[in-house]
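Letters A, B, C and D name the chains as they come in the text, with residue numbers starting at 1 for each one.
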């Protein structure tokens, strides 16, 4: 068992309410996994737990990455991000009043070695690191065809482009695992198709693991190698797309108890 | 690692050095020395607290200054070497702020070219004014800056252009201490001082230094406070013979009121900041009994002093109220400048400063004033007693 | 023991004054999230109005109080209309600066027109001290304490039980949604300002009467203290404002009675910071449903 | 590399030119003590307000306690230069003020920067008041009387240089890694944290840097004015710095400069109006805010680089 990310018996209680109960899952290297489930199943809560936005009540999250093994539960979000877990948000959370380039540069902050003294006195090393950062960011933006919008404020981008930028920004942290929270929400079929290509490109080009939450079943079934189904905070099923399509429990959960 | 740190330090040092060389270059300094007066008026600047925390006192002083200028002008003006010149007042507000006071002083001396300045009312605004008036060689008379060191330089020498019309704290605090022991026979005294200016704390310090009995408790209030019950209640259980309350009438009036309502009937002694008819109004006439304060401006002095009688009557005619001490001090400040001009026969600012330093037995509303070598006025001090809100008695303290 | 009881009375009566002012702060904050810096100055206007009508028109206490509430309400609405309404969709910090500007304007305008001298408030109700086993309490202290409590309950009832109260709660949670369901936002906000400012006007007369001294800057210090009280209680919460007010009154009294008078404000601020660190939204702040 | 150097040289030339312009104007007599006073006050306000703008405008943390840190710098200078009456003593005191204010900012910031919005504002205001009250009751600080007869070791050239130095430090910080991190905290704390940014650390960094520059301003204030008292550093002082920041535009350093100058000149001009000055000031403040809600300049910044680029573009078009 050398999964990249191993999650065991994860529990989250909000007061008396159990939002996530006893979820165990794993993610392997360079895998594309989907997390599906009806509205309110606790998918985003699970994302928030994994990325440290909210603390876990109990259970363990272990990352066996390139730099060693780390227990992630209890670590603040920024530590987890530094260890290689990056994400996008369901309701886009770009730095709206900053330029596209700045959005990406910010994501590179924690990796940059620019010193305080060097930057406030503009020492040569400042210009060197700054140049490197901008070059790297430009390269990344070029891959995703955003190089012409570098100086545009994020809030002025079209919706679909904002989603794309959010993915670019997440990639700029050099993650080992990328969490995508409903990347296709609000997109038309054409945009969704483009997005599918984009996600595949990301996975292959950057050799990373992707876990995505999505409601668009065609997208999920096209993309995912494995699927986890979450309902009422607990794991309902796990399997390949074909297995999930045939799973009665999943169908019932989606169609409702009555029918 | 170490190398880069050294590099940082070196580059930082380089920047500081450049800045240093930059600053070291001989840079221009603004300079003026003394304002001379031509024309038919004598310009007197007023640097006063007309807004902000001390606005109440500042405005009282402004009234005194305006009254004085009006009287002088009505009588033809100041006799400058045989020529009568009228006073032109230039009144500016310093917002009870040190920065603004410095700026106002600079404007009065440089742009308005005044010969002398009256004000400011508070020590802090006053000390902020000193560098600029000294640079311009224009004297100022503060009606009420009370800090003992206000007129002194750092090395103890007197500030050549700084004068005042009021007592300094040590004198007033010491007098109150003597009065407590000798007249009131108080042995256990509580001190409750205004902590938001040098006035209250300075007087409290001076009082504590010279008081022979026991200081049972020493507490502070700040300007703008309205509720003193907590401290007064704690005084009540301490068997005190008197309370010393250096502060202004706005707060002390309330302290008197609340003390009496709390059943504290011991004498309450304060300073000239209380010497205002409003004290009794705020405290309530019934409560304002067994209240004493040190003042230059007692009824006794007033009766035997025609200047004071005249001042009080004209003040009442002009402003329809009894004259507060602050107005009297400000009024005297203007007349002190007038007397300096007349004795030196010149309205040049440097001459006025010399004249002010030589004032002897000047007939002021607040007594016969002689300026001593520290530029402090020497004048008699008295203690007034209030009974049912009216001055019932006054004591001369030697 | 007597002293202890006396100090408790002192603390409560001081606290009731802060609570009275904090209620207005909290209402306005609750609805438009604005620190209404001018609130303390409306309290000053109320006091000056009382001073004027009692001295010149010989109003009795009740009519002075009610007319001061009207004047307070009117000035609150006018200030809101001219100074805050144009800025409703601007950054909140802009509105805050405007509020500070209005406060400066009222303070200095009153000083300019009526001089910055301290005045004695006409003692229209004769102060009577009751001696309860050595503990003194005056009729005016009781009056203020009772008024503060009644107003608190009344406000709570208005907010909880009336149609206007429901509109206020709706606007405070989501103004746009409230507008969609047919609530007149402008009218609701004006009403809130009127209510909050009427409280300040009443406080002006009551406190003027109690302390017997009013001046144009009288709103500054208690205004800031009352705001601290409102924050301490959880700003936006009516019971929070009262609890915060009483808490600060009692704390101040306590630290003065143990001889820390020079540090009384410092200690109050220190307690404030500590409480905020434990309860980041104040004592009642978590109960967001209460917010209006 | 070369172009960067070019911009830096241009800025440097502007600063030197400004210096010599002032020097000449004083020599010629256009600037007298009064105007010099106004300019120095404006300079000190610029230092204070750029520091506060870093905290409020860039890090998005609403601090109302700037005067407290200014007080620390002012008292450090006042106390140290009482015995060390030399320029070296002055710079030493500036350094000491910076160190103490950094320590104070850490003590205040570490607990309170967890708070948000108005709660943070009130907590920082309280902290600054605590600093002021402690100073008011200490013996070494002269209590309520404050300290006067402070030797004047900082005249206008010192203030001018310090304005340049602190502005350079803050602007360079804003345009560096740290500045971007700090701005991301303002924009969206959750997203920033998800990008690996330790939001608390960067909030604190901005707060501490702002506090340090406030201490420098305090030192200059004490040494130039030669008088300080605890009342100079009350809530109202913090508010007046805040007014400069908001009036100029939250998040615009250029705006801060403009607002500090506008308000400084306005305040001086209003001296001619006696008791009406504060009334006029208040009305002006309200009107500016109503008609320019995002401040005089919003978030616009003056940039030589941009002017150059526009120039180049024009040339290209003409060609």
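To be clear about the criterion, a contact is a pair of C-beta atoms (placed from the backbone, for glycine too) under 8 Å apart; a residue touches a chain by one contact, two chains touch by 3 or more.
Here the structure is a predicted model, which is why all the values come from computation and not from measurement.
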Common touching chains of chain B and chain A: D
Furthest chain, CA centroid comparison against chain D: A
Mean-CA-position distance for chain D and chain B (Å): 33
Distance from chain C to chain A - Cα centre to Cα centre, in angstrom: 49
CA centroid of chain A to CA centroid of chain D, Å: 40
For chain A, residues contacting two or more additional chains: 121
Per-residue overlap in chain D, given as positions that touch at least 2 other chains: 136-137, 275, 278
Multi-partner residues of chain B (each touching 2 or more other chains): 15, 50-51, 53, 195, 220
Interfacial residue positions of chain B with respect to chain C in the complex: 50-51, 53, 55-56, 58-60, 195, 217, 219-222, 224-227, 229-231, 233-234, 236-237, 249-250, 253-254, 257, 261-263, 278, 281-282, 284
Chain D partner contacts - residues on chain B that touch it in the complex: 15, 19, 22-23, 25, 27-30, 32, 50-51, 53, 91-93, 95-100, 102-104, 106-107, 109-111, 123-124, 127-128, 130-132, 135-136, 147, 149-150, 152-154, 195-198, 200-202, 220
Chain D residues within the chain B interface of the complex: 19, 22-24, 26-27, 31-34, 36-38, 41, 82, 136-137, 143-146, 148-149, 151-152, 155-158, 161, 165, 221, 225-229, 231-232, 267-268, 271-272, 274-275, 277-278
Chain C to chain D touching residues, read off their complex: 29, 33, 35, 83, 86-87, 90-91, 93-98, 100-105, 107-109, 111-112, 224, 227-228, 231, 235, 262-263, 265-266, 269-270, 272-273, 276-277, 280-282
Contact footprint of chain C on chain D as seen in their complex: 56, 62, 111-112, 114-116, 118-119, 121-123, 125-127, 129-130, 133-134, 136-137, 235, 239, 242-243, 246-247, 250, 275-276, 278-279, 281-283, 285-286, 289-290, 293-295
